[in-house]
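As written, the chains take the letters A, B, C and D, and residue 1 is the first residue of each chain.
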Amino acid sequence: MSQSLRITVWNEGVHESTKDPAGMAAYYPDGIHGAIAAGIGGQLPDATVRTALLSDPEHGLGEAVLAETDVLLWWGHKAHRQVDDDVVDRVQRHVLGGMGLLVLHSGHFSKIFTRLLGTTCSLSWRNAAEREVLWTVAPTHPIAEGVPNPLVIPEQETYGEFFDIPTPDELVFISSFTGGEVFRSGVTFHRGQGRIFYFSPGDERYPVYNQPEIHRILANGIRWAAQPDLPRAAPTVSNPPRNWFDPE
Amino acid sequence: MSQSLRITVWNEGVHESTKDPAGMAAYYPDGIHGAIAAGIGGQLPDATVRTALLSDPEHGLGEAVLAETDVLLWWGHKAHRQVDDDVVDRVQRHVLGGMGLLVLHSGHFSKIFTRLLGTTCSLSWRNAAEREVLWTVAPTHPIAEGVPNPLVIPEQETYGEFFDIPTPDELVFISSFTGGEVFRSGVTFHRGQGRIFYFSPGDERYPVYNQPEIHRILANGIRWAAQPDLPRAAPTVSNPPRNWFDPE
Amino acid sequence: MSQSLRITVWNEGVHESTKDPAGMAAYYPDGIHGAIAAGIGGQLPDATVRTALLSDPEHGLGEAVLAETDVLLWWGHKAHRQVDDDVVDRVQRHVLGGMGLLVLHSGHFSKIFTRLLGTTCSLSWRNAAEREVLWTVAPTHPIAEGVPNPLVIPEQETYGEFFDIPTPDELVFISSFTGGEVFRSGVTFHRGQGRIFYFSPGDERYPVYNQPEIHRILANGIRWAAQPDLPRAAPTVSNPPRNWFDPE
Amino acid sequence: MSQSLRITVWNEGVHESTKDPAGMAAYYPDGIHGAIAAGIGGQLPDATVRTALLSDPEHGLGEAVLAETDVLLWWGHKAHRQVDDDVVDRVQRHVLGGMGLLVLHSGHFSKIFTRLLGTTCSLSWRNAAEREVLWTVAPTHPIAEGVPNPLVIPEQETYGEFFDIPTPDELVFISSFTGGEVFRSGVTFHRGQGRIFYFSPGDERYPVYNQPEIHRILANGIRWAAQPDLPRAAPTVSNPPRNWFDPE
């Protein structure tokens, strides 16, 4: 089934320009989007994976691209405000119409995520290269399939509660950090016809997106969120044609 | 506890101008907001109830009014698009900060409701003066306290599924209609620090808001949504001050 | 994937003995279990479908049978108390270990359903050959795939709220009846590693299990509940082997 | 409102007999039940708090006691199997009828908790005197009111996921431990008319029940679970008396 999946990896692509030879440029030579796309490609060999950037026309997310996207991945951090509201409207419409959406790490503050959830999506954080231990709390959820429990991420930005989101439809992962914080690090939401998976590990300062287990989780999330056979249509207002108890 | 509750009933106030002597003007001589305010006042004698209209400056929902409102009720139908986005921003901020919100009937399509839920909030409908039978599916929920089960509403606009909302935190009432439709007619959501209750019965063409049982449900919803002792503050982003396992 | 599914249809088989030529014997000549098995077989041609009866040794649900069952369907009504507690223990263990379970109609009062849910699972009912209209409230749920919305069942026993179950993990269908009742007629639960789908339409007095749309829903439920690749094991108590922050 | 609350603290009372002068006897001289009762009494001065033990006739939980109990607290560890099934039946009936239930720490394996939830309720554990940090993930939940966030428990038995429970109705607290484990340490469930709060901190080896913040959480849980004005009755099966659309 995964053969035909069409995936778009979106990245704001701002950190990439820093060219820090000891940092991001070293472990993400093709950018965060490049690392994610390569990791997904290894897990879903028959999928079509494209990337899109903030600097592309329409941020690379024109109507035609979204119409041909089964699942969109979103990574952003510093440039949330530069994302055009018309593009956000368009992405929201496609998600409500059935396109899957994976929101990654600092994407919690993106316009599209806060738009779909209605809350601030704020959280606590600290950047201290702490060890994150990610635990599965929904062992039979398809997103957890084949994922080590726990999964240890040697160094990562610390995210902590309170994470200001609506109660998730499903809580898949909870993480702890060296400092003692906990975080609902893998959560799902249904909005309209669309499925949304938020996954917090992954940052521009740590090579998390090079970890094979992370690729596995992203691929699982894509399979879970994809509905390739569903006609892409936002729920529409309809006037029921008849009274079900009237004589016909 | 209800003594100090401060309630604001908002109405777009457009249908009121039709002056149909056989219709709305007959059973809602003081407008929909007037009927609702009077009904609530009878149930919560010590509460302070004020009304606000679309035509008021800032739609009657300036910062000072919201800061002194424990629970806001919202009725709108024809003029959703005329509601100023800045006012919607302000109301959303107050809800996330802890103000209660009751969204009524055709308010399902209001900017504030769709903004807080992230979906289209569309539904099916038919205007045929059908009988609505409202059933309690959460018997010990405070909003259902003292409400007859079922509650019969002799004539009402028919609302039907699919109601495009996120899965509610609590499902309190389900209604059926003469025509056979069903509708999740009483649902709650938590967003940020705020509590939201959507309640579908009530229309400009039927005197539903004159029914004492409806007053009871609205008063129950207000009590449930009110958090008068909570400091009104939207969740903020904070940086945890210390590592909980470091020596102090 | 459905090729290898192994399905067991359990029926208490008591109504079958009445031999009412104008009733059940006419439309269910092979018993309720026979009608269900035939209907499922038509939808899942490569599945293996067997039946089991209360009167079989161990009610037809010995360890070997359950170990080779991906999904168990349960129909009972008059003889719940005759089901042996040891068999109930065994079925519960298999469900918690990952076997799917579909509980049908009056099976709401079965020992296995009340055991897994912890509540009385009581409801209101009336037998008046009323028309049931079943509405989908989770349009993209796999159990609703290909199901007409609404689905009309010409005659059926009336089930009404309050249905004393825990809040379902997912609410898929809500029904209304001629008399005005509503009922959460399709609900899912996760318990341990197992998935449970309760579906209320279907009775010994009405030929509901001969309706193709009902076969479709049962087949969808089976596909949703089946986890053929999951090792069948109840969650076990484990002592984590190491402190994740200790040096190894 | 708390004046009239009637609380029963149940303890199996087995560890108490060890008389370890350096351990439990030192910090719980009146037993675990004594410490809990005293702590609650300090928070709810007008409540009536009684204790009951496994060794009492009917384990101290006769019909009259339960009928006069608004909220029951349950602590057990080594003697779960010695609890009489008839008493478990009785307690379950009262919970479904509206009695509140707080299940504490190793009570996760009690007959009454597994009976009400339907799952194994197993978890991972390690006894290593680790520091537990308890975080609030539902800041406006009444059980979290006035509770420091985070709350640090200097030494406690480590509980870890996977905790084999149904998805809770509300997730209030998540804990981390020195070793990196996470645990859903404060969760609520509604079953029938009753409200259940499971709270994991508290063990026979650590003086957790002497911490004032723990007393606060227990008192909050009691207030939340108590429904003193609710007639104590399990949901009953009823036959609706009339067809709501028939002429009367």
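Worth pointing out:
To be clear about the criterion, a contact is a pair of C-beta atoms (placed from the backbone, for glycine too) under 8 Å apart; a residue touches a chain by one contact, two chains touch by 3 or more.
Computed from a predicted model, the values in this text were never measured in an experiment.
Under the contact definition, chain A and chain D share the contacting chains B, C. Counting C-beta pairs in contact across B-D and across A-B shows that the higher total falls to A-B.
Centroids built from CA atoms put chain D at 35 Å from chain B. Once the centre of each chain is set as its mean CA position, chain A and chain B turn out to be 32 Å apart. Looking at chain A, one finds that residues 131, 133, 139, 150, 160, 162, 167, 178, 180-181, 190, 235, 244-245 touch two or more other chains.
Residue ranges of chain C in contact with chain B, taken from their complex: 131, 133, 135-137, 139, 149-150, 160-163, 167, 170-171, 174-177, 180-182, 184.
By the touch criterion stated above, chain C contacts chain D in their complex at residues 92, 96, 115-120, 122-126, 128, 158, 160, 162, 164, 166-167, 169, 178-181, 189-192, 234-240, 242-246. On the chain B side of its complex with chain D, the touching residues are 98, 131, 133, 139-140, 150, 152, 178, 190, 193, 195, 227, 230, 235, 244-245.
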